[in-house]
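Note that the chains take the letters A, B, C and D in the order they are written out, and that residue 1 is the start of every chain.
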């Protein structure tokens, strides 16, 4: 089943996530990049807009075009949407009708509840009927559903770094669903390629700052996912910070173990129920790395890869469990995860194009 | 009293804190830098070792010398110790005996309890008799004691960014002394000028990582100070992270209000007991900046200054109080605070040389 | 004469140069900052727009206002113009008429020849009659003229780092006026606070690139100044590059000595005519640092200061003279130099507020 | 011929070049990484030392071992030497005797003349007999010789960025062989993973500086190669600078055209002999990118790739030709180029593992 090739399109390929999709799909062994759209760059080749890809021969012939549903549906079997929320749904609906598989990197299909969408995004959901059909594209959790799905809502960058470490612990009832704190540090590419003064080099370099305190939009999708797993409404304390790196998110989670846990963190899978839980959940996952010994996650070890790094420590002085995750916000936090979902949907090896 | 001049010496002026002391003292209006010591640089002028100071005429004549107590005591009325812990005490004892005032930037005199020193630093305290005489050099809290003191233990960089926001809230019984979490992000100069691979440019640039989890040495001094204020043993959750900036510490504190607090954070000093508390504690402090409106602390706004920035938000969804502080780890977190203490000890305007 | 105080205004205080002027003038011992203008920020205090200055008490009361000539002329004896070229002249003319001294940081009055202005800036000079009255504000070269002047054209950032090393060598006929190459590396603040995609953090961080090849606007002012000194038309090869630092310009000059020079560079002022020339020109200058021994300029040693660092090497293999300069583009390359000129114009010690 | 697999070893895999070789060889479609050596890390797996590779299954089983020639020769058909100069030759000699193909990333076999080696490296060449057998591993120039060679001396990082743009112009007699200036800017990884204070984060971040002026070791290999092509002794002016990026070298070349060239740079391959020359030399090269229109090289467009970007401008005011190149110092400047050479030696598609 794995040697058939898939024609794919990227709608909205001019932002950082779209550019990263281009990078990954140009080097994917089973994919032909059939079309990339951008109103801003229509008519130019990929190589002209993104010189860094020019040594890939297809980048010298593929031209950005205006996004037109009929054309996209003829050219591509899978369409990636790298568009602002609200706009993505406008493309997803007709593309699905014309038989495409859609992988949406926006927030439009990540929530099950349109009321929560309205609360966090400020407008009615543009296609509420589709919410039930969309699968939340976190392969480590929803692999089976992704396999047969036509519409995948690829998770946000912060949610990925929070849900991957939390879901197994909540499922196993090892930590309390209340009182969870997620303190996240993100590179500047997370803000997108927006020409706003706040993201100018001189405003970010030698700057460390929190933002969006206390109610960031990503909370909605994180809390919905955690609540599904915990079987109870989970309310999260989430503080994003901006740090001067291009890529990478480091999240430090503060958790309350359900019962006192005796073993030292990260040492013995036998004595340590946290380690056992993570080993059972992720021991065979190609893109989750459980750190051993004294190692702690470092964004530089995941940048450019589709990997989430995890480490954990029980603090005997406070009784808390500290879990730390690192990911590349543009790969596992966006485009790499979308490609991973595509691999599953199309029956390819899950790591194809991602190692 | 303020127009007398003071002769000062810096012992151990080759590290980042020592270099920052040189910067501040060269431009101080009431101070003559009489002596700087460094075994490594003995014989060279300040201008040769630190070209950035060469346009200050004294930097072209002052030479680093070997640290000798008798000579220091003859040359200087105030001696700053920028030495490793353990070594600092060896100088403090004889310098005090010879009548110098001593401001120590190491950890040697920050703790009252020598047993805690041993627990965290791994060896017996070298001069336990002096602990009772030393004053913890946080002017916003201990100004009166600093004024008459002969030995000031200047606070650590992380402790300053944690104690300044926490002490007024604990004193006013506005937050619980239990369950406090301090999540701190530090620039690389906090690691000192040590030639270790972990602090090479390529290992830090494009890297974000936690370290020292879960028991950092600075915990001892933070907890001792908080416990004094709270009247009960405070155990802190503290996670330091390394981020790729030269200078600056941003700390995000997660706190439990004692009673539900209704007002919005940072808006009205009347309706908001947190704002009222901070206004009472710091409204007149020259080096504490209470941010208003939507502003949040940003290290780039404090780097190079002796200021701590504070902002706070009540999260109505979780009931928690989030307080964020920013400081320059080498100024308010080290050398600037030491100069502030000296200004108090010598009867100068507290902001002299620091604006 | 030096204890009189001067009231100053800054027109256009919202860009990086304007902000740096604010920093320097707030801490200047003989100056009262009477007025700052910015259409964008009118009504807000300095402390609100630039939190980093909020610990200076005047920053909490001075409010940005609309730029109005009559008001400025009543409030200030010296007006600094930190405006785009073309706009600056519109303010300079009436301010001079109303008796203000004007220090212009734009390009409007740097050139003597209005034809060259038109060639490089694309429009007629807005006030050609004033060109003869304006003094080029490079104190190390034109100190005497600055002293009595009413209109100072403060040099550009690149020109400062090129003219300071070149003028003494050309005056002394030690290097050929033909074939000069200036290869400059600038921090991103040189591009101003413009919200353009090219200056976003992610587009500059981990990026090194040339730009404006081969005819940058600053060439006009550099070549005019060099030609004046050389007594012949000097045509310069100038290549600016953008490197990921906030501040700093490093310029490497490639020069042809007039006669073969035998001595080693930078070692002996007796044997080395280059060293002798620089020593004679700058040995007593407070803001030019002649590096000795093996030291080479480094932007980190001048950032935040008004200093230009210089070093030179004769290459016996090629016969060329290499001269390297470093400066802070916002201080010696803009606002610090403007304050230095003001100190001269007002009879203050030249280093006042700049050490 | 291309489906046979090759067993390779890396001797000295703990530095930045060695680590980059690991990255490239782990993802190479025709290679099995049989052995990696490092005295420092012997006994640890690749995944333990370099967590970033841990998601590649072989990285979890391959262990660093002590470098032993007999063992290497049994395990590998091709051995990459990523060792200091002088040490590399000690391994190359016996490995060649035992039938291995050797690709040396040090300077040991780059020069033809052992006298020049001694002049620049300060000691006798350890294996002068081998110099005649070694091929300089710049595929764009010496592809045919590399194909049949047993010993490839992979070029240095600076030489690659200088030779690629210069050799075609010198060969075509379009530029003078005298008076060439190469002004290069390098990221900090070029200094290697050496724990020296000069390369600490805080000493490099916000720093721009020249070094090694005027006689850098790489001059020897650059000049020897240029002289071979020009048919006359070429003496180069070369100034390396350190800029705060992890990776990337940008070189700006200042050249004298042989005859006045009329056409505008980089526009028309017909009217412009420079463009025609580059088109002929590199139009079909997969790893040389000739920029068109207004585009100029930018290290961020080559980092992580094996590409050299080139652009050129004729300056009508000075008559000079400016050529600018960008490369990743660790890929095209070191390990990628070595893999490219291996692909040629082993009959693989030249881009295998490098796209």
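Throughout what follows, a residue touches a chain if its C-beta (ideal position, glycine included) is under 8 Å from a C-beta of that chain, and two chains touch if they have at least 3 such contacts.
Every value quoted in this text rests on a predicted model; they were computed, and no experiment measured them.
Considering every other chain in turn, the ones in contact with both chain B and chain D prove to be A, C.
When the interfaces A-C and C-D are ranked by how many C-beta pairs touch across them, C-D comes first.
Centres computed as Cα averages put chain B at a distance of 36 Å from chain C. Here the spacing of chain A and chain C, counted between their Cα centres, is 47 Å. The distance from the centre of chain C to the centre of chain D, each centre being the mean of the chain's C-alpha atoms, comes to 39 Å. Shown for chain B are the residues that touch two or more other chains, namely 203, 205-206, 244-246, 298, 300. The touching residues of chain A, counted against chain C in their complex, run 16, 188-189, 193-197, 199-206, 244-246. Across the interface of their complex, chain D is touched by residues 27, 51-52, 54-56, 206, 286-287, 289, 291, 295, 298, 300-302, 304-307, 309, 355 of chain A. The touching residues of chain D, counted against chain C in their complex, run 181, 183, 185, 187, 203, 205-211, 213-215, 235-237, 239, 241, 243-248, 250, 252, 254, 296-300, 303, 313-315, 317-318, 320, 322, 324, 326.
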